[in-house]
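In the two complexes below, chain A is the common chain; its partner is chain B in one and chain C in the other.
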Partner chain A sequence: MTPLAAEPIAIAQTLAVPQRRAGGRFDPLILLWVALAAILAFLVINPLLRLVLSSLEAADTGAFTLQNYVTAYGRPRYIQALWNSLSLGACVTVLCLIFALPMAWAVSRTDMPGKGAIRLCVLGAFITPPYLGAIGWILLAGPNAGWLNKAFMGLTGASEGLFNIYSFQGLTFIIAIYSFPYLFIFTSSALDVVSSEMEEAANILGAGTLRTMLKVTLPMVLPAILGGIIVTFLETIALFGSPALIAIPARFNVVTTQLLQFFNAPVRSEVAAAYAVPLLLITVVLFLVQRQLTSRRGFVALTGKGGERRPIGLGFWRWPMFCYCGMVLSFSVLMPYAALSQAALAKAWGRGWSLDNLTLHNFQYLLFDHETAGRSVLNSFFYAGSAAFLVLGLSLSIAYIVARRLLPFASVLSFLCMAPFVVPGIVLAIAFYAAYAPPPFSLYGTSLILILAFTTRFLPIGFANATAAIRSINPEMEEAVRILGGGRFLAARKVLVPLMKNSLIGAWLLVFIPATRELSTAMFLYGPKTRTMSVMLLDLSEEGNFEQLAALGFMLLAATVVIVGVGSKLLGGDFMLRRDRG
Partner chain B sequence: MSKLVLKGLGKSFGKTPAVQDVSLSIAQGEFVSLLGPSGCGKTTTLRMIAGFMRPTTGTIAVNGVVLSSPEHSQPPEKRGMSMIFQSYAIWPNMTVGENVAFGLKLRKMPGSELKRRVDKILEVVQLAHLRDRYPAELSGGQQQRVALARSIVIEPDVLLLDEPLSNLDANLREEMRSEIRRLHDEFKITTVYVTHDQAEAMVTSDRIVVMNHGRIEQVDDPVSLYNRPQSRFVAGFIGRTNFLEGRVHGGTIVFPGFTAAAGLFPGAADLAGNVTFSVRPQNVALHHAMPADTSNGWILTGQIVERSYLGEYWDYVVQPDNSDIRLRAAAPPLDIHDIGTRVWAEIDPRRIAHIPGPRG
Partner chain C sequence: MFKLVTRRQAMALGAVSAVSMFSRPARADLAPLIDAARKEGSLTWYIAQIDGETAELVGKSFTALFPGVTVTVMRTTGQVAYERLLNDLKNSVPNCDVFSSTDISHYPALMAKKALANYVPQNAAGLAPAFQGLGLDGYYYPTTSTLHVLGYNTQKVTAAEAPKNWPDLYAPQWKNQAATGHPAFSGYTGQWVLAMRTLYGWEYFEKLEKNRPQIGRSGLDPITMMNAGERKIGCVPLSGALLSADKGNPIAPVYPTDGSILCIGPAAVMANGPHPNAGRLFMEYLLSQEFAQFLADNRVDPVRAGVRLKPGAKPIGDVKLITQTTAQIAKGVPEIIEQWRDTFGS
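And then the complex of A and B:
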C-alpha cells in the first residue's frame, strides 16, 4: 500500500537475530533500583540506625552501654517531662474534638451559612505555623501586658489579668487551635462520602436529626475520627515550637524541650538519642493502630461514592452554629493575626494602635540591617525549594517503579519512603545529628544537612502524592505510546508527565509549604550561617523583640498565602485540605 | 501463510493459570475475535500478543519470527502492531490531529506525507473537522473514532482491540461495530478483537475463538459456531438454547419422560450412550393442535407453564407430558397461548445440534 507497510516486517526481521535475554541477563533497571535503595539508605535507614546505636554507646569510648538510658530517665524531672507531653497530647486532642467535630459536621452536612468562608479560615489555621500563632497569643494573653488582659483590667478595674498564656492550659489552647484542622479534614472527608440516603433511611424509620447523627452518621465516620485523634495526639507530642515559646518561660518541660536541653552545652547527643527512642516507639505503635483502624472492614460506605447528597436543615440553629465555628476560627486566625500585624507595624507594640506608633522600620531593619535575618529568609526558601525538588524526583521514580511493578522488591522502596512518616521531626533531627555530624561526613551546620533532613522529613508527603498521581493515570495511556512504537521513557515524557503536571505542582507545594516553616528539624542542625526563618523567630522571641518577630512572621505568612493562592488557582481551592496528603 | 501464530500459549499468575495451551493460526488480513466471559483469559492472551506480558509457556510468532516466548519477549514498541484500548487511551494533552500523527512521527515520516496520511484517515473516520480539538471536547463515539484512526494510520502488521466498545451506549455500539468491520474491509489489517459480547463478535469477525477458563473451546466462523456448537459451553454462551439430555437404546433415544427415534437426529449412526442436544428456542414451533404435516418434524406434546411478552417475540416455557424438562420456545407476537393450555411443540431435526464429548 505505502512504503510504510514494509517497515514493521523489517523490524520484526532484525529481531529474528536471537537476543539472549534468558535468566542471567543483566537488566539495567537493577542499577536504578540499587541507586534508589542507596539514596534511601542514606536518608532513612542510616540516620535511624545511628540514632538507636548511639543511644547504646558510651560517648567517649563507643563501647556498648545502657548508661544513656539510665541518665535520660534517671531523674524525676525527665520523667515528668514525658508525662507532661502525654497529658498535653491528651488534653489537646480532647479540645480539638470539641472544636473540629461540630464544625466538620456543619460544613459537610448542613445548611449552615458561610460554609465557604469557614473552610477558607480552616485552611488559614492549617497554614499558620503554630509557633507564629503562639506568638500572636503571647501578645493577646501574656500576663498583664496582653491585650485581652489589659482589656479585662480596664473593664473591671482588676489589678491582675484574667489569662496567663504561660501555663499548661495556655499551651494546650494554643496548640489545639492550630491542630484541630487535622481532625476537621479527617472527619469532613469521611462525612463527604456518607450518602444522604443512609441518613434518610434512618429518618424514614422515625429518627430525628440528632438521633440520626449520633446513631447512624457518627458510627460510620468513627474510624476516620479515631485516625484523626491519633494523628492529632502524635503531632502534639512531637511539636517543638509552641512548647519552646510557652513551656520554657512557664518553667515546665515536655519531651521536645527536654531534648533541646540535652543539646545545650555540654552537648549530650547520646543521652538525647536515648531519650528520643521511646518517643519514636510510641509514634510507630500508634500509627500502626491507626492503620489497623482505618483498614478495618465493615465500613464499606466510606469507600464508595456518596450518591446524591442533600444538606440537613438546621433551622434556628443555623446561626448559632455559624457563630460557634466563627469563634473557634477567630481564636486561631483573626485575633492572633490582628495582634501580629499591629506589632509588626508598631514602634512598640504595647502602645497600641495610634498613628505616631506606626512604622515600617521593623521590616527594613530585618531585611537590610539585621545581621542574619535577611539571610534566614533566603535560606528557608532555598532549603525548602531544594528539598521539594529532591522529594519529587525521588518519589516520582519510586512511585512509578512500584505502580508499574517494574522490579521485584519495589515495595521495599515504598516502605522506606513512607517510614519517615512515623518519625517525629525532632527525632529525625537527632538521628541526622548522630549520623552525619561526626566525621567522616561532618555535615553539622551545613546547608546540605538541612536540605537532606527536610527531604527525608517530607518524603512521605511527596511519595503519597506521587503515587496518587500515577495511580490516577490509566496505564493504557502509556501502553498506547508503546504499541505505536515509543519506548518507556518517551511515554513518560510525552504523556505521563504532561498529564500529571498539576498533581506534581501540587505535590511540590505540599512539600515546599511545610518545609519553609519547619522548626524542629532545623533547630538541631543549623549552624551560624544556616539559620532558617523559623529558628530566627525563636531567637528573636528569646530576645523579647516582638515587633521584629511579628514582622518576620508576617513575611513568612505573606509568602505562604501567595504560594497557597497560586496553588489553589492551579489545582482547585481545596488542594491543601484533601485527605490524601499522606 | 499464517500471519500470527500462537503455539501452546500459557500464562500463570503465581500458581493460578490464566491462559492454558492456546494454539491458533491467523491468516494475513483475517479478522478474529476472542470471545468469552470475563476472566476467561482473552485479554491476557491479547496482552501477550501485544508484548505487555511475557507468556509462561508457548510462543507467539508473526510472519514466522518468534516475538514472545518464556525466555524472551520483544517489547511492545518493537512489534509493529497497534492496539485500541478499552479506555481508548486518547492522550488528553494532545489534539485529535496530534494523537493521530503520533505513531507516524515516531516512524520519522516526512511532513508532507504525514499530513496526507493523517488527513486521509481523519476523512475516513469522519473527524476531519475536529482535527484541532482536544479529546475532552469530544463525545464517546468520537473518541472511539480517534482511537481507531490513531491505530490504523500506521498501517500496523497486526491490529489489536481490547473490548473497544464496552464504554459506549447500546446504539453507538451497534454503529461502531459495523464501522470497525468497514475499516477492516478497507484496510485488510490482520486483526484480533477481544470482546465478551457475542453480537459484536458475530458482526465483525471472520472467525471467532470462544474461550473459557483460559482454554479455547471452539474456533469457527459465526454461522458454524451458532449452528454447530462443539461444547455445551459454546452452545450456552452463543445465543440462548435448550439442552436435551438422553440415552441411546438401540433405535431410540430415551429422554426423561419421552422418547424419540434415533433416526430423526443428525449423525444418528454415530450416537451411543449418553447424548446431549442443543435446541434453539426459535427452532421450536408451537401449535394449538397436532399439525397436519408431521413428515419431517419431531412433535412433543405438553403444557405452557410460563410466558413473557418481549415485543419482538413471545417467550414460552413448555413442559412436555410426563416430564419435568422445561423447554423454551420463542414464538411470533401473534402466536398466543395461555398458561395451562395444551400445545404441540414441533422441532425441526435438521436444526438440532448434537454436542459431542462428555456430558458437561
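And then the complex of A and C:
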C-alpha cells in the first residue's frame, strides 16, 4: 500500500545500484533476519494460519470439519450479506473516483483557486472517524427530523423528506465522503511528480485540456489510481461502524455486521472464521488483477526527476471546479460538523438551536464525571502511538535490509510486511482473536493485543513509506561512513535517520491517524480496561446518546488536530499531501 | 425530594448511608468484606439495565459509600454484554465481577457453565415478596425491574391520539413513525417481541414491518428517536422514558391496555471475577435499600418495598402486567431473534 504514493519515487529508484553482500563469512545480520522473521511470523503468519485452521475445526472437539463453511454459507441471508458488502464496496469506490479524481487533478495540475484550503479540508475528512461523520449525517438526513429534510419540507410543504440516510444509497454516500481521501492522496501525489512535457506534447498536437487529462495525464498515474481503488474497496468492506449505524435501521446486513452475529450467543468463532476466509481470497485475487493490469504496460514516464511542472490554466472553469471541490468537502467536513456541534452543545439535540438548550454539560461530564471516557481517549492515543513506533521500527529495519540487499531471502520479509494489506481489518481482528485471545497467550482484553493488532494492520503503510524513503537515499553516503571505519548501525543512525527524519514523521502520522480511529480491529479485542475511543463512541451510539457522542468526537478531533499540527510543525509543512521533493 | 438527583446529592446520599450501613449492628459482619474489597480497590460491572450516564452515577455513589473501591462501568445492551462475557469465559480471561443483564435467561445458562459465584447476600432478605424466588438463591437475584411500554412524542402527538395498545403500533397513521429496539441487542426488546408473539402470533411483526418502523439497537434507542422528532411513537422501557421526560424531553409513556411487559434485571457475582470481594460488596449494594431508593429517584423500578416513588409512575400493582418465565425467555428469545431477522432483514 502506498498512501503517500511513494510508488513513483520507489519505481524511480529501483535502479539504484544494489550493494553486494560480503560473501563467505557468517554475517551477524543473519540473526537480525531471524529475529525479524520471527516477529513477522508472530504478527502475520500465525494469526492468519490460526484463522484458516480454526475455520476447519469443530467447535468442541477440534476435529477436522467443513461444517463451519456449510453453516457460514448455508443461509441465503448470509450470502446476501456478502453480496451487499461487495456491491457496497464497488459503489463506494465508483463514488470516490467521482469525488477524488477531479479534485486531485485540479489541486495538483491546475491553477484552481483555494488549493491550500482544499488540501486542508481533505485532511479534515481523512482524520474524521467515518462513524462520527455518519452520526453527523443522521442528524442532517434522518428521514423525518434531519435538518436537510426539515428544510425541504418547510420550503416545499411536502409531507415527506427528500433524503433517507437509512438506505443502501445513504450508506454508500457517507462511506464515500470519508474514503475518497485515499484516492485523492494516491492520485494527487502521483500527479505531483509527473512532468508537464507529455501534456504539452498533447496540447501541441491539438488536444484540449479535457482530452489531455483523460488520454494522457490520468493514464500515466493509473497504477496509483488502481492502488487507491483497491484500498478504498478493502476499507469499505472492512468498515463496521457506519454499517452498524445505518444498515440495521435500513434492514440489510453486510459482511461485518454478519460476522458480529456469529459472535452472538452461542459464540461461533469457528463459523466466523469460515465466513471470513473467502473474503481473504477475494482480496488476494484483487491484487493479482492489479499486478496483471499494471505489469503489461511500462510507466517509465514517472521518472520523478521532474521536467518542469506548470499548472494548467482552467480559464472560466477555475471557479466551477473550485465549487465542485468545495461541495464534496462540505459534505464530508463542514455540514456534518455543523450538525455535530449542535448536538455536542445541546441538552437534547432534537430541540435544535436555542439558548435554553445550550450546555457545556456533555464536555464537562465526559472530562470529569465519566469513569472511563478519559481513559478511552488516552488508550486510543497510547495504542495508536505505540503501534506507529513499532511499525516504523519494523518496517525501517526490513526496508533497509531489502533495499541494500544485505541478506538472502529479504524479499520474503517484504512480502510478509505487505501481506496484512490484503486482510480486511475485521478479519485481522478475528484472526488475532483466534490466535492470541485463548491460552497459552491469553492476550484477550490486554493493551498488548490491541497494539500488536494495530501494528499488523498498519504495517504495510509503514513499510511502503520506509521503502520509498530508503530507496530515495543513495547508499554512497553510508559507504563513506563505512570506509572511514564506522559500522552499519552507526551509518544508519548518523546518516540515514537524519536524512529521513521528515519522511519518518510523515509515516508515523500516517499510521497514527487511522489507528486512533480504528474500530473494526478494536471491537473484538478490547476489554474493560482497554476500551478505545472508537469503541466508546460505538457504545454511546447504541443507546442513541448523540449529545455525548458528538462531544467525545470533538475531543478526539481536537486532540488529533493538535498532534497533526505538532507533526506538521516538525516537518515544516504538510505531511501527507505535498510530494515536491525539490 | 421529588426532583432529579444530581451527582452531588447522590454522593451525599451515599455518605449518609455509609454511616448507617456501618452503624447498624446487624450488618457489622459486612466489615471484613468491606476491608477485603478495599484491598482489591476496584471492580468491573457489565451493565445493560440502565443507561450509561445513570450507570456511571451508580458507580460513583458506590465509591462514595465505600471509598477506595471504584467501579469500571461497561454499559452495553444486554446481548452484547452477554457475548462479551462468553468471550471472556471462552478465553479464560476473567474481566467481569458483577453481571447485570436485561435477559434473565442468561443466568441459568451461566449456571450451567459454573460461571456464577455462590454467594448469599445479606440484603437479599429484603427483596419485595413479588420479586422473591425470581432469581436463584445463592446465585442470581433481581436487582432492578422495569416495564416495557408504549411511548410518544408529546409535541407531535396528543394524549388522545397516542397509541393505546400494542396493535396500534401498526395502525396506518403511524407509517414511518414508529420506533423499536432490536432483540439481538436489547434483552428487554427481546422479551417484548416474545410477548407479542405469544399474544398475537408472528403476524404481528409482519404487519408492523409494513409500517416501516425505525429499528435501533438498544431498547433506549426509540426514546432518542422520539426526542429528536425522527419518530412519533415507539416501544420503550418505562424507566428510560420517565427519566428522559424528567430531563425536559417531550416524551410520555403509555401503559398499553393489553398489558405492560414486566422485565426483570437480575445481577450475579461471577465465579472467576478478578475482584471477588469487591464484587460481593457491590452485589450487597445492588440489593440494599439505599440502592432501591437511588433507582426510584432515577425512575428504575426498585425490587424492595418501602421506597418513595416519584410522581408520574403508577405503582406496579395498578398495572396490567405480562410476565414471562425464565424458561420461556430462554427458549423463545433465540427463536424470535431469527424470526426478526427474517422479517426485518437485519
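By definition in this document, the second predicted complex is superposed on the first by the 512 of 582 C-alpha atoms of A that agree within 3 Å, B and C clash if a C-alpha of one lies under 4 Å from a C-alpha of the other, contacts with A are read in each partner's own complex, and residues count from 1 in each chain.
As a working rule, contacts are C-beta pairs under 8 Å (C-beta built on N, C-alpha and C of every residue); 3 or more make two chains touch, one makes a residue touch a chain.
Small disclaimer: the values here were computed from a predicted structure and weren't measured.
In the superposed pair of complexes, A:P438 makes contact with chain C only, with no contact to chain B.
Legend: residue contacts after superposition of the two complexes on their common chain; A:G486 is shown touching chain B, with no touch to chain C.
When the two structures are aligned on the shared chain, A:L499 is found in touch with chain B, with no touch to chain C. In the superposition on chain A, A:E542 contacts chain C only, with no contact to chain B. Of the two partner chains, chain C is the only one that A:T372 touches; chain B does not reach it. In the overlay built on the shared chain, the residue A:V412 is in contact with neither chain B nor chain C. Among chain B and chain C, the chain that touches a larger number of residues in chain A is C.
Of the two partner chains placed by the overlay, only chain B lies in contact with A:E476; chain C stays clear of it.
Comparing which residues of chain A touch chain B with which touch chain C, the overlap is empty.
Chain C meets chain A in the complex at residues 7, 44, 51-53, 56, 59-60, 70-77, 79-80, 82-83, 86-88, 90-93, 95-96, 106, 109, 176-177, 182, 184-185, 214-218, 220-221, 223-225, 227-231, 247-250, 334, 337, 341-342, 344-346. Put simply, chain A touches chain C in their complex at residues 77, 142-146, 160, 166, 244, 247-253, 257, 261, 263-267, 269, 347-350, 365, 369-372, 437-439, 442, 444-445, 527-529, 531, 539-540, 542-546, 548. Residues 1-2, 4-5, 7-9, 11-13, 15-16, 19, 21-23, 474, 476-477, 479-487, 490, 494-495, 498-499 of chain A touch chain B in their complex.
Within the complex formed with chain A, the chain B residues making contact are 50-52, 62-63, 65-67, 71-72, 74-83, 85-87, 89, 91-93, 102-103, 106-107, 109, 117, 150-151, 154-157, 160.
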